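By letter and in written order, the chains are A, B and C; residue numbering begins at 1 in each of them.
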Amino acid sequence: MHALLDHRAAVQSSAAVLSRLRDASPRVHCITNTVAQNFTANVLLAVGAQPSMTVSPEEVAAFAASADAVLINLGTFGRERAGSIGLAVTAAVTAGRPWALDPVLIDRSPFRANLARDLMGRGPAAMRLNAAEFEALAGVPATADRVTAFAAEHTMTVTLSGAVDLVADGRRCVTLTNGHPLMAAITAMGCAASALVAACLAVEADRWQASLAAMTIFGIAGEQAGERSQGPGSFAVNFIDALHQLDATALIDRARVS
Amino acid sequence: MHALLDHRAAVQSSAAVLSRLRDASPRVHCITNTVAQNFTANVLLAVGAQPSMTVSPEEVAAFAASADAVLINLGTFGRERAGSIGLAVTAAVTAGRPWALDPVLIDRSPFRANLARDLMGRGPAAMRLNAAEFEALAGVPATADRVTAFAAEHTMTVTLSGAVDLVADGRRCVTLTNGHPLMAAITAMGCAASALVAACLAVEADRWQASLAAMTIFGIAGEQAGERSQGPGSFAVNFIDALHQLDATALIDRARVS
Amino acid sequence: MHALLDHRAAVQSSAAVLSRLRDASPRVHCITNTVAQNFTANVLLAVGAQPSMTVSPEEVAAFAASADAVLINLGTFGRERAGSIGLAVTAAVTAGRPWALDPVLIDRSPFRANLARDLMGRGPAAMRLNAAEFEALAGVPATADRVTAFAAEHTMTVTLSGAVDLVADGRRCVTLTNGHPLMAAITAMGCAASALVAACLAVEADRWQASLAAMTIFGIAGEQAGERSQGPGSFAVNFIDALHQLDATALIDRARVS
């Protein structure tokens, strides 16, 4: 009974996070790859957040310091961008803003995996990644137990996304089965999910709850969009519409957390 | 009576600008941010213009010199891009091509605001920005009188976009009430509007008239798209379709200039 | 009669290439311009390929070496990107992976045209370009005979795209009349076609056949999307859906190769 009640409370808290996003319209500064920038910005706008995207070393600290949360995504990476990431993280930490880490495709690049390990030491509030990326980072299979242990060891919330999403900190671990297969058929979905995690961190101090809210919003909008799409092209369009229309009631009705 | 007639003539001139865009297919070289590049290119193609987008210092002068107009947008800015902007402006000015300035988000970055001030001294034909950006640049509230005075002082046309658009040079100032609330719900709309101002400058020597034509085309297409959209995702798609379909007759019927 | 049978066999081989793309899900590393990255990634995903897009010198060799094919597109070019291209080509050649070249807009930039000429000496399996780009590169008009001679001289397959596509190596030359006028009304279509050529090279050793398969898939999906679109905005969406739905039977029914 206790676990059931917790899940229901978590879903209601997720609905409250969605409402606060719409009301507070938090600024989210995103250092993300050029493939994902446009889609990520539209995802953030669709839930009520205000995106900014500059990566230039001359400006990034000013943008990060005046944002409510920061996303660090390691895609289309390079030395200049590594410098900008360092400046943005320092600015966020100094200003007391939460930041989220997305170590995208670190399984393909040792350079990027090393950077991800360095960044984990600088206090990200949350990380979102897929199973292959987790295994490259942690060196162990992406089971619920291992992810929970990893989150505890690094004092952050870890979200593993896939057909079933898993959200864990050292104390809590839930799975989320909302979503749709077409979510894997367009680019930048994972990157945009991580940006939404950052947005939720801006309006919810409990990092695990913020991460769960983001993935619930994302999965339900994906499910709704998938039901009315003919393929990945129309899915991307319908997904933004669904995010824009999603309200607390629909979220509570549809969430499948266990 | 005089003012009324002027507005009607301005609308008819805007319709003529749209027709010339379709016929002349001007080349517009855009230095713009990576978030906005794809959408901006599709907006320009939808009205008949030919976009190019390189920002590299090795190439940008050749592209700007062989274009019919140039857009300088300060988004996702950096030192290399600042150098490229200098080269592109010099090439445009030397070749006698008009250029438009979009000082996007200068209210968030002192570095970018300083650059915008430098660039204003290099003879932009037109500038498009929102109220917050105007206030950061001019240091005064974005009222019609202040915008007109600022345009007169800097000898250029200033377009202030928002729920109501305002187009002013030192002598003329009109407001435009076409548009739709969903225009504020997707990224890169302002950046694309500035690119359309540049395109219109290529086919209309009266800079105020070119700016007004661009904003009229943009606002009407937004209005038409908004009427048939379920949210910002479908809006972005329908907006490109509406731009592609818009003709002189529909523009004259729908324009609301006063 | 002989020629007729060859064309039919070529169409059936193109259908087999499409099936192998879906089954093998080849990795395609794309060095392409920032305007085209998102659309290109979604095109590749829609046919079953796995895109990656980093251009950073620190990572590009690792990505290229672990990919099944590489695309080099010269858009939004610069010195850093030129270095990355060199590293990616070396990695691809060393690992025995095919790579495709897209010399986009070399008619606008002498710097870029020189680079294209250098890269042609490094063994691309295939090149895709339009008539203006061919003329800038080869210095002769883009007739079928000249394109065939050029392909023979440089030992590669050359695909010339336009209202009618032409695919030639030194021995074979066919024309393809699938497609739709709206394909010319959105940005990045040519860039995405080149990425699809690279993807087909990963699953088909005959470079001419791989190029023909890519252009056939592309042209038919464009034709299907054009039939149900109201303009370039909806076309881009329907095109991705059509690519995702296209199967071997529809390809064989619709291909117009002569």
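Note that contacts are C-beta pairs under 8 Å (C-beta built on N, C-alpha and C of every residue); 3 or more make two chains touch, one makes a residue touch a chain.
Note that the coordinates shown come from a computational prediction; the quantities given were computed from them, not determined experimentally.
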Note = For the C-alpha superposition of chain A onto chain B, the rotation angle in degrees, rounded to the nearest 5, equals 120
Inquiry  = Please tell me whether the contact surfaces of chain A and chain C are same or different in residue numbering, using the over-half criterion.
reply    = different
Ask   = In whole angstrom, what separates the CA-based centres of chain A and chain C?
value = 34
Query = Which chain C residues reach two or more other chains?
reply = 34, 38, 236-237
Ask   = Residues of chain A touching chain C in their complex?
value = 33-36, 38-39, 75-79, 81, 105, 108-112, 185-188, 229-234, 236-237
Request  = Spell out the part of chain B that touches chain C in their complex, as residue ranges.
outcome  = 34, 37-38, 41-42, 45-46, 51-59, 62-63, 66, 80, 236-245
